[in-house]
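One structure, pasted below without further comment.
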Amino acid sequence: MNKDRKTNLISFLIILFGFILTTGLVAFRVIDEYTAQILTIGGINVIIALGLNLISGFTGQLALGHAGFMAVGAYTTAALIMKLNVPIFPAILAGGLVSAVFGLLIGLPALRLHGDYLAIVTLGFGEIIRVIMVNLSDITGGPAGLKGIPPFTTNFFWRPVLSFALVYIFLVLVIIILNNLINSSPGRAIISIREDEIAANAMGINVFYFKIFAFTLSAFIAGLGGGIYAPFFGYLNPNMFNFQKSVEFLIIVVLGGMGNITGTVLAGFGLTYLQEILRFLKDYRLVIYPLILVLMMLFQPAGLMGFFGNKGFSLTRFVREFNPKKIFRMKNPGKAGEK
Amino acid sequence: MTVLKAENISILFGGLKAVSNFNLELKAGELVGLIGPNGAGKTTIFNILTGVYTPTSGSILLQGRNDSLQNVTKFQPYQITGLGMARTFQNIRLFKNLTVLDNVRIATHFNTKYTIFHSILRLPAFYKEEQRIKRRCKELLKIFDLEQKSDELAKNLSYGEQRKLEIVRALATNPHILLLDEPAAGMNPQETQDLMELIKFIKEKFNLTILLIEHDMNLVMGICQRIIVLDYGQVIAQGKPAEIAKNPRVIKAYLGKENENDA
Amino acid sequence: MGVIQQILQQTLNGLALGGIYALLALGYTMVYGIVKLINFAHGDILMLGAFAGYFVLNYFGVTPGTLVLSFIISMPVCAIIGILIEKICYKPLRDSPRINALITAIGVSLFLENGARVLPVIGPNPRVFPTLPSVTHNLFGLGISRVQILVFIITIGLMIILNYIVNYTKIGRAMRAVSFDQGASSLMGINVDRVISFTFALGSALAAAAGILFASSYPQVEPYMGIMPGLKAFIAAVMGGIGSIPGAMLGGFILGVAETLTKGFISSQLADAFAFGFLIIILVVKPTGILGKPVGEKV
């Protein structure tokens, strides 16, 4: 058990080091503002895609409305900040919670049944939430959108640094939550549902409960992503959260490999960056994306990470297998607190 | 003491009566065989008993963890497993893409003594319980000689090993009643012989009551204390192996047909 | 106009719209019945069918004769597209996890929509669909347009033909057998691949007809026109009991009437939301649908 704590502590130090390093690079403008912005958007995309990966990749239930959950989170956070002067952090969490409530309400009827109803119901949810956003113009600004959401800070110098740092922290938290969940007994229960629902049920797994749990947590994470997005971007419009956006998250999950956390992280940043490069393609992008989905499913269903044995990268495993004592020359790391 | 009681269960599939007025009473520690020609409704009965199908009529009483019979007719499969009745599947339903160890660990889930919060926060209870689970699963795998394969994917096991893993997985749910659906299907005579010994062994070791479906007559006659014969969804005979072997109705309905089917 | 007459008028309009949904729902239900896949691309076949009809009518001009011709050309074209989609995209995934096939279906659907959008001959902008001059007849005091009459004739005609094919022909028997038990059908010497191809062809041809009727009713065509009818037809199929052919017909008509009544008396903006509300209610109250039979997965 001591070894576990040691590994965890070292992982924590690596994460902390990465945080100081990257935020420092942004602060000193070694990473320019434009790149920092792409990284921040990339981080938000990864957070939401990780949420989607939980329900579609790990639990095996296709969800097609994560842009909708993102929208719920974004508008909730924006409304709380703007109308009720709630501080940013609780507002972002509230965005996640409201989104989770929506997830629960949708999941209860759709996940009760065997079959692919969740796909259709979430697809419908994604469309309807937009209609509602357009009609709730008091809170959402209607079709014209919601302008002037206060940013994390108005200071010109600190703004990109703070945005980036915040996304980094949330991203790391989401990864830790997912990783710890998946590599545990409830996580194995969730994966068993994807593998064989009937067998899982017969082995004592409450399939419905875990599907609901995974979907609600997934919606929460997507809402969190939306909540960060609102003050970062400063402007919201119902059409930002269309079906195309939901599909982009799905592409990230599929490219990274369903049920592969590392893959989602890499694919999320990669695709966000690629999107910037491929701007000149305009509408043709819309043809390339679905083509990627079909080709991946036909020829590389394990995702790009599948080329590397599909094990996924695990920081804790990395630390454990690289014999931390030799690398870090630590004598008594067990005493310090855990993360 | 009765541990499982099925009273007058019938089930209709699109107007067809797949099982009609089936009665069963299992006493603690019994080893009962359920036989009958293909399509007689044996697996359907398993599916009804374990909650996969809800019977059209009739009721099922199961001894729970607290020694009293309770009505489980409308229970979900996971609830029935939770009360201590586990099963294997005729058409092997392992979690193919997961490791052997994970297959077994999943079956221990509902006995796991930590919550989602323990696992997310990696509290000490998590590590302790994970170690206990792992130790217990390895012990079970060892009984079936699968311990050294625990890191292999289930789909890479041989057919016989997969059948054995199905049993290990069911045992990991900590049952007091075990339903085995054709555990020896696809095994050669030697493997079947070994399996018979194993079934006897685990029955004693874990204090099990076993109901098994099997086509291999040597196995059924060799280990079952009582046999129930099913044809067209109805019980046509039951009794000791020696009586069943001599029963003319069974020979006509079952053994005669069996030869045709095997041809 | 009195309220009762208004209700009757909206019901009539709803039946016409519902006929189109029903044609589309039939494709969903047949495909689901046989390969257990929600074919998300089905709504886009409607779009392709409408465009095929658009090109025919634009080229030859609109007369009753060319209108018939548009069906004769559009339906086989879409049938072939349907077969190709199945052969290229779905067939290789038959033994994969269901979520993979579903993702592929989503990909195919978006590919067709966005592909049409970038295709120079179609493009992103809506175009006016050529129709015969609109004439409204009087039926017991209710107005019924020529397009609506066309919708009724075509939908009912096609349903009768479909009913004949499914119930009285060899291939229809094979379809029913495959949807009942694919493995056993294959053992009985049924060419399962051919039956699946035929099912996609049949469903796509019906979708094409629905496309021309839908485009004539509104009258316009654009690349994303298939999405909402596609979703609603799916809801109709679930409502009727997915896998059930009479169920899909019934579900289509019910959903069409519900939609026009919602639009006429409650809110036109929320009509789509109501359709999904319907779906949720069905899933909660009677997930097997009105005419569906509970089918347990084989264990």
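Here the chain labels run A, B and C in written order, and each chain numbers its own residues starting at 1.
Keep this in mind: a contact is a pair of C-beta atoms (placed from the backbone, for glycine too) under 8 Å apart; a residue touches a chain by one contact, two chains touch by 3 or more.
Model, not experiment: these values are computed from the prediction.
Trainee: Can you figure out the chain closest to the middle, judged by Cα centres?
Mentor: So the chain sitting closest to the middle is A.
Trainee: Looking at CA centres, what chain is most distant from subunit B?
Mentor: Relative to subunit B, the chain whose C-alpha centre sits farthest away is C.
Trainee: How far is the middle of subunit A from the middle of subunit C, if each middle is the mean of its Cα atoms, in Å?
Mentor: 35
Trainee: In whole angstrom, how far does the Cα centroid of subunit B sit from the Cα centroid of subunit C?
Mentor: Distance between chain centres: 45 Å.
Trainee: Please compute the C-alpha centroid of subunit A, do the same for subunit B, then give the distance between them in whole Å.
Mentor: Averaging C-alpha atoms per chain gives centres 41 Å apart.
Trainee: Return the residues of subunit B touching two or more other chains; collapse runs of consecutive numbers into ranges.
Mentor: Counting only residues that touch two or more other chains, subunit B contributes 52, 89, 93.
Trainee: Where in subunit C do residues touch two or more of the other chains?
Mentor: 299 - these are the residues of subunit C that touch more than one other chain.
Trainee: Hunt down the residues of subunit A that sit against at least two other chains at once, touch-wise.
Mentor: Correct list: 198.
Trainee: Which part of subunit A faces subunit B closely enough to touch in the complex?
Mentor: Those residues of subunit A that touch subunit B are 1, 4, 8, 176-177, 180-181, 183-189, 191-192, 195-196, 198-207, 213, 338.
Trainee: With touch defined as at the start, can you tell me which subunit B residues reach subunit A in the complex?
Mentor: 50, 52, 76-78, 81-82, 86-87, 89, 93-98, 102, 105-112, 114-116, 118-122, 124, 126-130, 133, 169-170, 172-173
Trainee: What residues of subunit A sit close enough to touch subunit C in their complex?
Mentor: So the residues of subunit A in touch with subunit C come to 56, 60-62, 64, 109-110, 112-114, 116-117, 119-121, 123-125, 127-128, 131-132, 135, 194, 198, 247, 250, 254, 258, 283-284, 286-287, 289-294, 297-298, 301.
Trainee: Given the complex with subunit A, which residues does subunit C contribute to the contact?
Mentor: 38, 89, 92-93, 96-104, 106-111, 114-115, 117-118, 124, 231, 234-235, 238, 269-270, 272-273, 275-276, 279-280, 283-284, 287, 297, 299
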